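You will see subunit A twice below: alongside subunit B first, and alongside subunit C after that.
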Partner chain A sequence: MSSLRFGPVEIKNRLAVKAFKAIDDRFGVKEILDDEVFEKIAPSHLNFWSCFGGISFFLFISQVVTGMLLMIYYQPSVSQAHSSVAMIMNEVPFGWLIRGIHVWGSSLMLITIGVHMAKIYISGIYKAPRELNWVIGVCLFLMTLNLSFTGYLLPWTQLSYWATVVGTETPSAIPVVGEYIRFVLRGGEEIGQMTLTRFFAIHVIILPFVTAGLITLHLMQIRRQGISGPL
Partner chain B sequence: MTTEILEAVSNARRRFLSAVLALFSLISVIGVVYPVGLFLWPHRKKVGGVAVRSIKISILEVPIGEAKFVRFLNKAAVIIHPNEQEVLALSAICTHLGCVVKWNGGKKELDCPCHGGRFDIRGNVLSGPPPAPLASYKARVEDEYIVIEEA
Partner chain C sequence: MASPTEYTKNKECEVKALPMKDKERLIREGKAYWFFPDHVAEQIIICGLILMILITITTLFPAHLGEKADPFNTPGHIKPEWYFLAAYYSLRLAEHFEFLGAWAPKILGIVMQGVAIALLLMVPFLDRAGRERRPSRRPIAMGIGLAAVTVFIVFTLLGYYI
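Entry: the complex of A and B
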């Protein structure tokens, strides 16, 4: 056993093989990697349009990573939010790139989710026994919309401020509970520091955790029900 | 014979494709590590600012028998004005574990809030764990100003 094979690639370097074996003897990762990645045969009926769920998942990971990087410089206070975002864009090396990937990635994620949902709907893949997974998918779509909405306020620009005024005003049209929903969303009567802190917490911790949990369920059901796609 | 040639060609192609894969993987890794590394590295312009090499403040800001804390060489420093003739400037960073000392106006000494180190106005250790006296800077009075420079 002096070489390792990962699909088409063979590794012969003795040290690398030894190091990998030491881990594999304890965790058994090779078996999982072979089953799920390298030796996995994708069903022949899959096509270009089947890839959009996986692309959305990739974009979610990209959003998490770039979001973590942005948090290193972003300051969630009314007086500092805009200047810290300006600093990321103008002074921090490659800050424009990291934030650009985060901003464009959020729009791109909504597009890929839209294509994914259209493909599932048109192909009728939501039918039994996959109805509940469709429901989870719709929840994931709503999570993404909420992530976009809460993230929009964080740079604290005129555009994001007034978009949040309108966005939090909208639910107040609901009879009886509307006014309370607006009050809770804003953390008070008006948009201010409380709203920014709230949206920041929802954007960087609460929704990402919920979304990651729902994605796990979504993918587990895909494996269980056998909608095997090129993830 | 033909199969041997085909096999040799196929192996050459395999080696070439593996090399291309390795090259593109390397470029991808550099393309992520380089920008993210620079992004994370604290940059001088915002964090800390340019180091001040000399300070000139009005003598009225440090009354006799009092002390004033300033930033000097990007670190905490303290200016002490114990009597009419003398001004002293010390690093305010405790030599034990790096906390910033506080001025004790009653006893005219510098006390470290972390582990109870005590220093006199010249930076000498009075008691506690600090292993060395506080670093001192050159301080002099020029007209109505106190000027601090590196020792």
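Entry: the complex of A and C
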């Protein structure tokens, strides 16, 4: 065979075909690509409102990328946090843009998740066999809220500090374990370096990993069950 | 074809397993279109639009950086971000139930939020209307949904203006 077909695209360049064959012989990528991309069809009844799940996913990717870039300059210490964010805003080239996309992206992501959930609810897509995907979806929504909450403290401003005082006080009302939860969230009795360190760890490592895992489950179920039919 | 489990009996599930000529027939009949390049092109345009919106917003309204935290100086008005205003107001609302006892304000505040999250998680199992999906045939689900959104918006506004 001297040519390769990827959907409507035919590749005849002998070097390209040979190179791809060499990879395909070892990993069998053509089969996966055909299944997942080139021989796949999408139903025509998808409309404007069907896009919001995908948009939320794109915003998650955008948050991960801008978050990685912010981490290069951010310093998670009580004495340095505020000045490092000020440096990102004022001195780092395009730092204001990256942080702006990260800050506004979190708000926009919660809006698109809200629209996505409303669409799924109104069209009854959560019904059998997709009940568990609704549950995973709600967990993803809660993860996004927790990411917003932990990320809010990181610039160490007056508002973020005192919002976290109130926010970590709330769970202490839970009977028996409440006080303990507050202690664990704060890393002590007061909000300080320990709180900032663990909010940083939760925000940049723990929650993004859990969220990525849940997104994988969410998408795998959609691939397995197919897109729901028209109303 | 896969074995006839409950899962594959659902007609919506079978698209992936279709042979190529059936996929081509669905496309001719206008019931589907190619994922590549048509759908992918759409997605790229949508992602580009979202990125443009984000860049525009952040250029016109740059992200704010307030003054540095001061643990010894409590500011007068502590308001959370807009998406937590409804939860914030539910805490303020619970303060009105102090006549039930000193325990009431804190416990009721967190109970309200816990119940809201639990109800949201259990939507598919609480909906007993069978497999009917058309909104016009599900007045109860639509009514409850509308009520929930209304309460959220009202709580958010009250949380903002209180």
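As a working rule, the second predicted complex is superposed on the first by the 187 of 231 C-alpha atoms of A that agree within 3 Å, B and C clash if a C-alpha of one lies under 4 Å from a C-alpha of the other, contacts with A are read in each partner's own complex, and residues count from 1 in each chain.
In this section, a residue touches a chain if its C-beta (ideal position, glycine included) is under 8 Å from a C-beta of that chain, and two chains touch if they have at least 3 such contacts.
Quantities reported herein were computed from a predicted structural model and do not represent experimental measurements.
Engineer: Putting subunit B and subunit C on the same copy of subunit A, do they fit or clash?
Structural biologist: These partners fit in the superposed model.
Engineer: If you stack the two complexes on chain A, which partner ends up touching A:59: first (subunit B), second (subunit C), both, or neither?
Structural biologist: Only subunit C is touched by A:59; subunit B is not.
Engineer: Touching A:69 in the superposition: subunit B (first), subunit C (second), both, neither?
Structural biologist: first
Engineer: In the overlay, answer first, second, both or neither for which of subunit B and subunit C A:49 touches.
Structural biologist: Neither partner.
Engineer: May I ask you to decide whether A:225 touches subunit B, subunit C, both, or neither, giving the answer as first, second, both or neither?
Structural biologist: A:225: touches subunit C, not subunit B.
Engineer: On the A-aligned overlay, A:20 touches which partner chain: subunit B = first, subunit C = second, or both, or neither?
Structural biologist: A:20 contacts neither subunit B nor subunit C.
Engineer: Quick check on the superposed pair: does A:97 touch subunit B, subunit C, both, or neither? Answer first, second, both or neither.
Structural biologist: both
Engineer: On the overlay, how many Å separate the closest CA atoms of subunit B and subunit C?
Structural biologist: Taking the overlay as described at the top, subunit B lies 9 Å from subunit C at its nearest C-alpha.
Engineer: Which positions of subunit A sit in both the subunit B and the subunit C interface?
Structural biologist: Shared contact residues on subunit A (touching subunit B in one complex, subunit C in the other): 8, 97.
Engineer: Going by the contact rule set out above, which residues of subunit B touch subunit A in the complex?
Structural biologist: Interface residues on the subunit B side: 14, 18, 21, 35-36, 38-41, 43, 45-46.
Engineer: Going by the contact rule set out above, which residues of subunit A touch subunit C in the complex?
Structural biologist: Where subunit A meets subunit C, its residues are 6-8, 35, 37-44, 51, 54-55, 58-59, 62, 82-83, 85-86, 89, 96-97, 99-105, 107-108, 110, 118, 121-131, 134-135, 138-139, 142, 145, 148-149, 152, 155-163, 165-167, 170-175, 190-192, 223-229, 231.
Engineer: Which residues of subunit A touch subunit B once you look at their complex with the stated criterion?
Structural biologist: Residues of subunit A touching subunit B: 8-9, 69, 72, 87, 91-95, 97-98.
Engineer: Please output the residues of subunit C touching subunit A within their complex, sorted ascending.
Structural biologist: Spelled out, the residues of subunit C in touch with subunit A are 6-7, 10-16, 18, 20, 23, 26-27, 30-40, 43, 46-47, 50-51, 53-55, 57-59, 61-63, 65-71, 73-75, 78-84, 88, 91, 106-107, 109-110, 117, 120-121, 123-125, 127, 131-135, 138, 141-142, 145, 149.
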